[in-house]
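Shared between the two complexes below is chain A, which has chain B as its partner in the first and chain C in the second.
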Partner chain A sequence: MNNKMWRLGVPRALFYYYYGPWWEIFFETLGIEVIVSPPTYREIMDLGVSLAVAEACLPVKAYYGHAAWLASRVDALLVPRLVSVERKSYICPKLMGLPDMLRATLKPCPQIIDTTVNLARRPEEGLAAAVQGMARAIGVRGHRVELAKAAAEARYRSWTCERWGDTKGLETGNTDQAGERRYALPVGVIGHGYLLYDRYLGMDIPGKVAALGGQVILPENIDPQEVEKACRQLPKRLYWTLGRKIIGTALYLMEQEKVAGLIHLTAFGCGPDSLVGDLAERYARRRGKPFLLLTLDEHTGEAGLNTRLEAFMDMLYRRRSA
Partner chain B sequence: MKVTFPHMGHLWLILKTALEGIGLEVVVPPPCTRRTLELGVRHAPESACLPLKVNLGNFLEAKELGADTIVMAGGVGPCRIGYYAQVQREILRDIGCDYEMVVFEPPDVHFSEVWDKVKYLNRRPWQEGVRGVILAWQKACAIDLLEQELQRLRPREVKPGQADAVFQRALRDLDAAGSRGDIKRIVKRVKGEMAKIPRYTDRQVVRLGIVGEIYTVLEPLVNLHIERRLGALGVEVVRGLFISRWINDNLFKGLLPLPGHNPEKTAPPYLNHFVGGHGWESVGDTVTFAREGCDGVIQLAPLTCMPEIVAHSVMASVQEAKGIPIMTIYLDEQTGESGLQTRLEAFIDMLLWQKRRQAGKVYNGRGRNPCQETMPGCLRGQ
Partner chain C sequence: MEAIYLGIDVGSVSTNVVAIGESGQILTTVYLRTRGQPVRAIQEGLEQVVNALGEDIKVAGVGTTGSGRSLAAVMVGADVVKNEITAHAVAASLAVPGVQTVIEIGGQDSKIIILRHGIVTDFAMNTVCAAGTGSFLDQQAARLGIPIEEFGRRALEAKSPVRIAGRCAVFAESDMIHKQQQGHPLEDIIAGLCEALVRNYLNNVGKGKEILPPVVFQGGVAANAGMCRAFNRALGTEVIVPEHYGVMGAYGAALLAREMKPGASAFRGFELIGREFRTGGFECQGCANHCEVVELREGRQLLARWGDRCGKWSNAVAV
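After this line comes the complex of A and B, so read on.
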C-alpha cells in the first residue's frame, strides 16, 4: 500500500484540539496527505446530530458530523481508540468506543485507523505500541517511523508552548492594556479543549468574555505542574485526564487573589463533568469565588447565554469595585 | 458503629448477612421509594447518573434510623462509580449529615489497603467472620436461583402476582435463615410452592433478554418493576446480570464455575474494547441472547451513562447482523410509568407479530384473527 498516495481524514473535533498538530506532522512526514475537516459549522453539526444517538454528548455528536463530512472525501479516517494518555488515567468511555460507534453508524464507512492508545499501565511501551500501530496501519515500518515521531513531537512541544504563552495573565497583569473601556478582569474559563477552542460548538465563550472586558485564562495557559499540585487537594486521585485538568485549574485559580471568577463550560450529558464540575462548584462556593456553570447542548440559544455571561461579568465588576 | 450501605435490588439481604457475620450492627436503609429518589435528587448534581442520586437518598434515610458509617464499593475508572463516594461525602458534608465512609475499591498501591479496611471493620474472630461471608454467598446463590424460577413462572401463571408473592415470602425467610441447612430447606420449600402455582400451558411466551447497566437492571425502583410488567405481558425475561455472578466476576475473579460474561469473545466485531461499567457486557450478552434464540432484547441504562451510550451506539449493527430487535430505555427520575408501559406494550406487540409471521400465522384481514386469540389479556384490551 506504500506506493499509493493516501488521503487520511482527521476530524476536527474532540482530541484534535489536544493532539491535532502531532497527528498532522506525523502522517505528513510519512508521506500521507492529511485532510482535516473544516471548523465546525451548522451543516456539520446537523449531520452529527442526525447520525448520533440522542443521548450522546454534544462533542461526540460534532465528531460524528466531522467524520461523516470526511467519509466521502478520504480513503481512511483516523479515529484512534484513546483509552488512556497517561499513567492510571482514562479519558472517557465514549472515546474508548468511538471507532466502533462510527463503524456502526457511517454507511458507507471508509477504512478506519483505530489504533489503541493505552498508556495506563506502561506509558513508554504504550506510546511506542500506539505509534508503531498507526504506522503499520498505513503500511510504513522502520526508522522512518521514528523520524516522523520525532518531528511530530517537536511540533507538538512548540505548539503547546505557544498555547501556554498565549495569555500569561497572572504574571504580567493588565497594565499594558490601558485605554480599554474598562480595566480587564482576569476570569478563568475552564472546560474541555474541544469546547473552548471550537468556536461554533463552544459558542466562542472565551471570545465573548474577552469582549466583555475579561482577561481569559484557559486551562492550557497554566503550568501543568501547578495543576497537578492543586489536584493533590482532592480526597482521591481523579482518574480522568481531562477532569483532573479542569478541577486542577479551578482549584489553582481559586487560590489566586487576582482571579475574579470562574466560568465552567460543559456539554450536557458529559459524564466526568457532572461530578468534577459539581466538586469544583462546591469548592468555589466554600471559598467565596464566583462560579458560573454553562451547559451547552444542540438547543442552546446564543441570546440566553449572552445574557447570563453579561450578568456574571457585571457582577464581577461590581464585586471588584465594591 | 452502625453500618449502612446503598441498595441495589436484593443486595441488602446479602450485605446484611455478611456485615452481621463479621460482628457489625447493621442498619438496612428503608426500601427504595419515591421519597428516597426525591431526597437524592434534591441534593445530588443535576446531571449525575441515577444510582448516585438514589444511593444518596438511601444514606439520608438510613441516617434517620441512626446509621453512622457507610460501607460501599468504589472503582478506578473510567466509569463514574469510582468517584461516587468522594462526591457523596462532599454533598453530605455540605448538608451537615455526618458519616464515616469505608470504600472498597481495587488498591492503588498495595493489596494491604483493602485488607486494612476489612480489619478495621471486623469485630469477631476470623473463623466466624468467614462463616458469615460464606453464608451471605450461599444466600446470594439461593436468591438468584429462585429469581430465575420466578422469571420463568411470571408469564405463565394464571393469576398474575402469585409467584411474586411466594418469592417475597422466600426473601423474608432467607433474611432470617442462619445456616446452610436453613437455606436449603427454604429453597426446596419455595420451589415446591412455585411448582404448585396454576399456570397456562398453551400461552405463547416471548423470550426477552435484559441487558444494560447493573443498577438499573437490578433495582426495581428505578426500572419501575420492568420484569414484573413484562411478565404480566406474557414475556419470559432472561438476563446475564445476577448478584452472585457479579460477585463471582468481580470479587472472586471468576474462580467459581458460574456462567460468566465473556464479552471479549462475544462482543467483537461490534465493540472491540472494554468501555467501563457494563457496556461491553451489554453488547456481548445481546449477541449471546440472539444466538440462544431470544425474540428481542431490552437495554436499560441510567440517563447519561457513558458505557451504555457506547453500547447503544453499536446496537444498531448488532440488530442488523443478528436480526434481533433491540430497544434501549434510559431511566432517570423523570421516567413515568405509563410512558414506559406504552413502550413495552408496543415492543412486545411487535415481537409477537414477528414471531407469528415467522411461524406463517399472519392475519390476512379475513376470518378469525390468529394473533388475537393467543395474545395475553392485557394486549387484547381486557
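After this line comes the complex of A and C, so read on.
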C-alpha cells in the first residue's frame, strides 16, 4: 500500500489522553497523515450515545462518537487493543473489545488497526511486538520503525514531564488573591484522564474548581514513583493500571497537609471506579480529608454539579478559616 | 426605620422569602409554590414581605440560594449568592446550636449535611433520581386521594406499617397497589411509604455518613409527622424539627447576607414588585455545542444571560 495516501484517524477519547502524542509522532514520522477528531462536542456525544450499547460507560460512548466522526474522513482508524501497558497490570476489559465493537457498529467501517498491546508478562517484548505490529499494519518494516519509535518516545517523555512538573498547588499553595477568596486552596482532582482532560465530557471540572479558588492538582502532575509508593499502603496490589494511578494519587494527596480536599470524578457505569472510588472515599474518611465524589452520565445537569462543587469549596474555605 | 436582611430561596417546588433583623431574629417568612414561574414567585414573595412589615424598612443586605439563585440574584440585586448546602447548614446551626447532622428533604432534592463543631465536614445530595424526595410523597398522596397535609397524621394511626419498595417511585406504586389489593388498611400503607422513603434516603443520600445527634430535620417534608416518626425509628434518636423548617434555606441566605454586612446593599428596591420581567432563551449557533442560552429582561433592558459554556453571551452583559 502506498502509505503517502493514507489518512489515519485517531479518536480523541479514552487513551488518546494518555498516549495521543506517542501515536501521532510515530505515524507521522512514518509518513502517514494523522487526523485526530476534534475535542468532544454535543453532536459527537449524541452520535456516540446513539451508537453504543446502553450498558457502556460514558467515555466509551464518547469514543464511539469520535470513531464515527472519523469514519467517513479517513482510510483507517487506529483502535489499538489495549490489554496491558505495564507489568502485571491491566486495562479495563470493556476497552479491550473496542475494535470488535466498532466493527460491528460502524457502517460502513473503515479499516481498523487493532494491534494488540500486551505488556503484562514481558514488557519489553510486548512493546516491541506492539510497535512492529502497528508498523506492519501500514506496510512499514525495518530501521524506519525504530526511528519513528524513538521520536515518539522522546515526544511522549517530554509531554509527560511537562505534566509532572505542573505541581503549583503543592509548592506554592496559599498565595494571596483579591476578592472574596482570600487565598487559593490546593485541591486534588482525581479520575481518569479521559474525563479530566475532556472539557465537554468531564464538564471541565478542573476549570470550575480553579474558578472557585482551587489550585488544581491532577494525577498526571504527580511523580509516578510517589503514586506507586502510596499504593503500597493497600493490603493488596490493584491490577488495574488506571485504578492504581487514581487510588495512589488519592493516597499520596491525603498525606499532604496543604491539600485541602479531594474531588473524584467518575463516569456512571465504570466498573473499576465503582470499587476504586469507594476505596478512596473510605481512606479519605478515615484520614479526615474532605472528599467529594462526582458521578457523570449523559443526563447530568450542569446546575447540580455546580451546586455540589460550590458547596464543597465553601466547606473547604470554612474549615480552613475555623 | 429598621434595617432588615432578606433571604430568598428559589427552589423547584417552593420559593421562600425570609426577613431577619439586625440581631438575626426572624421578622417574617413567606412560603410560596414556584409553579414553574420563579419571577412571579419572587415578586409575590417580596410583596408579602412589604405587606407584613410595612413600607418603613431599609434592606441592608440580600442573599439568594436554591436552584434559581442566579436568576433571583440578578432580578433582585443580591449581595450574596450561595448554594443550598451552605445556606441550610448556616440556618440549622443557628436554630439548633451544636447540631451535628442536618437532614433536608425538599420537593425535588434531598440532602444530608454533617457538621462538627459548627463546620460542615461532609455532605451529599441525591443524584438524578427523585425517589427519595417530597415529590414522591406528593405523587402517592395524590394517587391515594389524600391531601398531603393529612398524610402525616394518617401515618401516625398505623398499627403495623407494611413494607413497600422505596427504591423507585414507579416500583413503589406497583407495590402499594398490590398491598391495597391484599386488603391492608390505608394507614399501614401510608406509614409504610414513610418508612420506605426514609430507608431510601438513608441508603442513598446518607450512605456511609456518620449520623450523630442532635439531628435536625428540615425542608418541606419535615411537616410530615409520619416521616419524623419513621426517622426517629430508623435512627434511634429523636429528630428535631426547627420552628421554621420550611424556609431554612432562605433563612440561611439572610444570615449569610447579614454576616457579610455589605456597605451598601445591591438591592434594587421593592419597586421591582411592579416591574415587568421577562425570561427568554435561544440556542446559540456559534459552535457545535449549541448551548441553550437564557436571558432575563426588565422591560426592554437586558439584565443578564447565562447557560453558555464559553461565556460569549454571559460576559457580554455588564451587570
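Keep this in mind: the second predicted complex is superposed on the first by the 307 of 322 C-alpha atoms of A that agree within 3 Å, B and C clash if a C-alpha of one lies under 4 Å from a C-alpha of the other, contacts with A are read in each partner's own complex, and residues count from 1 in each chain.
The rule we apply is simple: a residue touches a chain if its C-beta (ideal position, glycine included) is under 8 Å from a C-beta of that chain, and two chains touch if they have at least 3 such contacts.
Note that the coordinates shown come from a computational prediction; the quantities given were computed from them, not determined experimentally.
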Superposed partners chain B and chain C on chain A - clash or fit: fit
Contacts of A:R319 with chain B and chain C, given as first, second, both or neither: second
Which superposed partner A:D100 touches (first chain B, second chain C, both, neither): first
Partner chain(s) touched by A:A303 [first = chain B, second = chain C, both, neither]: second
Arrangement angle, chain B at one end, chain C at the other, chain A at the vertex (C-alpha, nearest 10°): 80
First, second, both or neither for A:K236, with chain B first and chain C second: first
Contacts of A:A56 with chain B and chain C, given as first, second, both or neither: first
Partner chain(s) touched by A:Y200 [first = chain B, second = chain C, both, neither]: second
Which partner, chain B or chain C, touches more chain A residues: B
Touched partner set for A:S89, first chain B, second chain C, both or neither: first
Per-pair minimum CA distance [chain C against chain B, superposed on A] in Å: 6
Chain A positions touched by chain B in one structure and by chain C in the second: 282, 295
Sites on chain A touched by chain C in the complex: 41-44, 200, 281-282, 285, 290, 295, 297, 299-300, 303-304, 307-308, 310-312, 314-315, 318-319, 322
In the complex, chain B residues that touch chain A: 45-49, 76-80, 82-83, 85-87, 89-91, 94, 108, 270-277, 279, 303-307, 309-317, 328, 330
Complex interface listing, chain A residues touching chain B: 52-53, 55-56, 81, 83, 88-94, 96-97, 99-101, 103-105, 114, 116, 234-240, 268-275, 277-279, 282, 295
Of chain C, residues touching chain A in the complex: 67, 82-86, 117-123, 125, 127-128, 208, 287-290
